[in-house]
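I've put the structures underneath this note.
Same chain, two partners: subunit A is paired with subunit B first, then with subunit C.
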Partner chain A sequence: MAEQKTVSTATQVDDPTKRREEPTWMKEARLASWESYLSTQLPGIRDDGWHRTDISGLNLADLRAVDFHSPEASASVSPWVIPALDSLSSHSGVLIQEAGTPAYLKLDSELADKGVVFCDIETALKTHGDKVRRYLGEPADLNDDKFTNLIKSWFNCGLFLFVPPGVEIANPLLSFTSVNYRSSGIADGAVLPRLLVVASEGSRVTLLHSVTAPLSQAVDTALHAGLVDIHIEQAAHVSYLELTEFGPAVYSVTNTRAWLNKDASFTSLTAALGGRLVKGEISTYLNGQGASAEVAGVVLGADNEKYSFNTIEEHNAPDTRSNIHFRTALKDSSTSIYQGIIRVDREAQRTDAYQSNKNLLLGSGAKADSIPKLEILADDVRCSHGATVGPVDQEQVFYLMSRGLTAAEAEELIVLGFFTTVMAKFDHKPAIAWVGSAIASKLIAHDRDSRKQSAGEQK
Partner chain B sequence: MAAEVTKPFDLRAVGDDYKYGFHDKEDYSFKSGKGLTAEIVNKLSAMKNEPEWMLKFRLRALDIFLKKPMPTWGNTELLNDIDFQNIHYFVRATDRQERDWNEVPEGIKRTFDRLGIPEAERKFLAGVTAQYESEVVYHSIREDLEKQGVIFLDMDTALKEHEDIIREHFGTIIPPADNKFAALNSAVWSGGSFVWVPAGVRVEIPLQAYFRINTENMGQFERTLIIAEPGSYVHYIEGCTAPVYSSDSLHSAVVELIAKPGAHIRYTTIQNWSKNVYNLVTKRAVAHEDARVEWVDGNLGSKLTMKYPSIFLVGPRAHGEVLSIAFAGSSQHQDAGAKMVHVAPDTTSIIVSKSISKDGGRASYRGLIKVYPQATGVKSSVRCDALLLDEKSRSDTYPTMEIDESKVTIEHEATVSKVGEEQLFYLMSRGLTQAEAITMIVNGFLEPFTKELPLEYAVELNRLIALEMEGSVG
Partner chain C sequence: MTEKEEILVIKDLHVRVDDKEILKGVSLTVRRGEIHALMGRNGSGKSTLSYTLMGHPRYKVTAGQIWYKGSDLTALAADERSRSGIYLAFQYPVAIPGVSVSNFLRAAVKSRRGTDVPVKEFRKELRNRMSSLNIKDDFLSRYINDGFSGGEKKRLEILQMELLAPDLAVLDETDSGLDIDALKTVASGINSMTGPDVAILLITHYQRLLNYITPDYVHVMQDGQIVMSGGSELAHQLEARGYDWVAPAPVV
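Take a look at the complex of A and B:
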């Protein structure tokens, strides 16, 4: 894996399996998805899930999959992770993956003894091939879109988390992935993580995953495309948090899918805090009776950032429950598109589903679309959704200013409060505080920048 | 209002409880062959003695229709079943249009008697137009309205008598290229209403039109244009029926409304086509400064309805409302909704949609709220409620909000549920049967709609709902 590999439609001879020490079945699966990739089109703004989301500016042919390395014993914790580790000091394992440097991996030995697997995806293919084959070796899915095919064929980082039956892990597992384009000297790179989580019967686990690609002027375009597959077996519980912060050159396309068996439960929080175009799809398949999902999302946009999120709730079994809360605050000329669908199958009687999308338009050029959809085929159900779009309530601003806050401080406080309501749905307090501080620092840094700018203009 | 008129009929005997399902013997002065060609369009235009520009308009629209692909959204399965070559595009039932009911040919008169039109007129409704097949067969307007300068004519006559005003507005709100079915209508339109209300005139009593398809495989393409001059008010009501045939008919209307500054238009539709009619209708209004437009839209009949009355709010402080109900029974798909396009500042809109699905029927709400940049101070609220009466039926909600301006307030809410057990229990404990209790709950659910109708329509609607609800229990 010394050389960079081209992800290019122009050079069809590219082989995603070259120089990879992987089982044959994995190579075959990569090749099959690569075939599909070559024959699928980039999604257009009229395609399902891509409403007014224009990704035609991204030229996949120019991208190269950047190199990640397996963990080494000598690897150390990079300085940029330390603040996060401080605020999440109670944890059970850490995986740090950075382009060009060896990964850092740690897992509580007690958990390892119980059979818990937590490692980067490359190691998993080498040492837990039997466990991952069922999920990664599946034949290419004809419904996969271009990005899913791209990830399935070229994934270059990611993780595998396996929790054996009945094992409950109290403290979260942490995953940090970063590409520092400037220092690694990689231009126009693609980071393609593949995350696989398997929570066996009656198990419990929390995974906090963060991806950052710091700002860089040196790069024209970069891509982060991730595929996150979460399998939750009977009566198991998974909490999954994803925090992404990208610079203005980065396109991000993430596809998160959770399959819930009988009485399984899933809690997720997605926080998107930057990028040129950030596209996310979060699908929850409630396939077992009594399954329940709590899906939350917070998006803070600034400058010309574009966000486009889809949530899909498929109620395929009776007595299932889902709750979606998606909140967006948009500064400057940032834009957001939210689409959500609740589908209730004929079998899924006594479904209880709720979906809420609220958009705060802070900047004068901010735009928000909301498309909350329902498709209901069972009659004994309770399904509802609500959506709102509007500016900050001036009465609240006035109240806070009468208490001595400046207008900017008042707005910051209102935005934080707006997000906190939704983040509180996530069941790990330190993680909420961690995301909250990331939101606050983006708000504050941004306000400082714009104040400087306007001061400069006045001179 | 039609209670006595329908007495001689055993409702159940007329297929699927549809009381307007009878059909008359065809005795027509002209019936076009099936299929659509430029030749038919030429002939239709010539028979109507139309000006040259209208023929050109039709032919251009035909060209657009033939080139435009079928929609790829909505119920594409049913849409693709439409056989455009198996439709009579123009049927002339009588050579003359009557102003005195007694002179209408006996067969057609009998049909409309059954529908209760003379009944309505006896109650001094402001004006009545009855369209049978492609053309208007009966027309009347109250003298005092004529004195006020109100024009209420069928579209064909209006084109002859008021060509200038029609030429200025026709197809400006819904151009032929808007969608495939608007193009089809523009090519072969016939009949429909033209209403012009002079500035400041209030038409206190509703104007009415009835549309009836009689021929099998018939296409009805009426074209309605309503212009309300500044400060005027008009309420227009239409009702639609058709007989039950084994093969399908197509109804594809275009309705254009123009509400000039401070004008107020209300447009009420009770669509009760038989369950073999494709009802693919384009309805759009433009509301200028301080104008107000309301669509009150009831969908009970048809096989597939695709209809999204829309309002373009182009002048400051214009207000738009859509109040829509859909009742989807066995083998029906009601794909209805509304669109509000906010172009000017301080415009406001309200959409209330209620749907009921039963016996395997499918009701979909499809809507759009669009706010353009600079349209500050916009307020819009959307409320969709759906009731599912059994486990075979289906309900969908597909709303879209595209908000390109930040100083706005947009709200959307939707619920889907079944009839509440507690409500049922309460009503039954008061001595109602289960069927009566459900019908009462359904009527209550639809009340925001029914209360907006003139009394005789509200009564009629309640009767229709009761009919539809029969046999829904047990």
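Take a look at the complex of A and C:
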């Protein structure tokens, strides 16, 4: 098997666990997942959720897990994080993980006193083993796919967030992960974050997580694969935002899973703003009566970027509600496929589920597909879905141009607006502005590049 | 008194939309300081003329000329026309979800004035103009025309016109769909715009707006041409006698 060239034996898998001083149960769990990894195939375009998502160009055997390090008191806030910190202003804690350098960690002491845990995953394994074992020490799941197994065995960064019962955290916790493949000298690097969020009964928390890998063609291939597990106990609320911005060399595969107990609620916003192939799966398990989820996604593609997103809403209890809004705007020859599944169990009477997917085609080679799937076993439910694919409304462009905006400015404003209406569903205003400005930067930078290019062609 | 500049000169203008000829030889001259009312039945080509003046890409000039401030207008894109001082108040302004009125107005004003206006100063100017148009503050955070009532849409058109201070304003059926109070507010907004350097082309189906705004000239359009021109009294005659008095309704 190809992988064996790089990491072939249990001893080698053992190395990172030893160096990180992880508990024995973690080592065992890593090894078990590694066994599963070796025996599972890379997903193919015929596999569920991977339609028209060809990842065969990614050679996992050539990849090596990038080194991340635990926080050090002497670590400072890296300059690239400062603009984000400024725009997000008030927050309760920050975790910055950068390949090859010690992480930076800060948490309001008042929250720490209340029992809130917010730290990198390595520290969590060292000092909060009792709290994380239940989730990270679980035996390998036979349903896990290749990437989930890879992350479970090799995760090299990530975080643990624990909110004790009844604790409401008003300001968000921030997590920034950066892999500068070029300057860290890591060719064929893999960054494999594992995030674990546990919101105890009646608690409330907002987590903003951003992962960036600068725009560089310096390496042939790099991989970001993340596993995000969010457990929301009775009447607790979690707001989770994920912003990813990758360069054209980076494949990204993220698996986000949220489990909702009785009367729990979940609000999520996923923003994908770059990468060679960006695959994301967001599963919401509404397991308790009265649970509700608001899941939003915004994707801005350019050049030859490929995006593939699945949302899965599993209504497993009565009186549960889910609202999915996924929006994609594609420039140049970028492509997107969205598959949205709503499953309603026999028990889940009075389910209220809505799914909307809208796609704006901005480039002549852009292409978007939308596949809704409803699997409904209960009889008293309200489920609906809608999808649109089309170009920017030329009447909107004309209206803005009649007010002096150039065609490019008009399109930028319309695309931003297209995203804003779904981002507005996320319940943290500064975060929306933060993501909005990241979208605007990509739109503007890209317009500038293509203008330069066409000017060059004319000469 | 010296003659004012001919800001707009239209000569024998023919315009096609898709494959249908709508304007069939329109000629019109408008000087600075003048208010012209363009009246006519629905479908006579009034709105086509307004879209053509603004440079809508679907409206193709197949013959004739449009001169604006002495230069050929037809080569300019809509945004260039706007920046050079042409304004169109739309009959049916489109909604743009997700784009707030305040962001939009700032971008528009910046384009027209060629420079960023300081936020505080802009806010102040905006509040003054909004209060005279009876527009509430929450208007600014709403999305452009999204869920707006007919009256709100028309007020936003007038607000933009005031902010962009055009040299030539074309108002397409700005009076339609307004109740009497809204009509008075909008009319006083238009009247406040008038001056020795501003030219206004009022497109209207009914005479009622002209009870509040007195035009210098009234033109009647029929089947893609201006078939009659006169002074402000022509509007009253039309009101009393109907368009059949000018020309019979075209056979459809």
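Definition applied: the second predicted complex is superposed on the first by the 440 of 459 C-alpha atoms of A that agree within 3 Å, B and C clash if a C-alpha of one lies under 4 Å from a C-alpha of the other, contacts with A are read in each partner's own complex, and residues count from 1 in each chain.
Here is the rule we go by: contacts are C-beta pairs under 8 Å (C-beta built on N, C-alpha and C of every residue); 3 or more make two chains touch, one makes a residue touch a chain.
Keep in mind that what you see is a predicted model, and the values were worked out from it rather than measured.
Superposition of the two structures on subunit A shows subunit C fitting alongside subunit B with no clash. In the superposition on chain A, contact of A:109 is made with neither subunit B nor subunit C. Contact with subunit C, but none with subunit B, is seen for A:416 once the two complexes are overlaid on the shared chain. By the touch criterion stated above, A:369 is placed in contact with subunit B alone, subunit C being left untouched.
Counting residues of subunit A touched by each partner, subunit B versus subunit C, the larger count belongs to B. After overlaying the two complexes on the shared chain, residue contacts for A:143 are found with neither subunit B nor subunit C. In the superposition on chain A, A:405 contacts subunit C only, with no contact to subunit B. In the superposition on chain A, contact of A:394 is made with subunit C only, not with subunit B. When the two structures are aligned on the shared chain, A:385 is found in touch with subunit B, with no touch to subunit C. Contacts of A:89 after superposition: neither subunit B nor subunit C is touched.
No C-alpha atom of subunit B lies closer than 15 Å to any C-alpha atom of subunit C in the overlay.
Residues common to the contacts of subunit A with subunit B and with subunit C across the two structures: none. Only residues 51-52, 330, 346, 349, 359, 361-391 of subunit A touch subunit B when the two sit together in their complex. By the touch rule above, subunit A contacts subunit C in their complex via residues 393-396, 398-407, 409-410, 413-414, 416-421, 424. Of all residues in subunit B, only 386, 388-391, 393-418 touch subunit A in the complex they form. Interface residues of subunit C facing subunit A in the complex, by the touch rule stated above, are 54-57, 77-79, 81-83, 87-88, 90, 93-94, 96-99, 103-104, 107-108, 111-112, 143, 160, 164.
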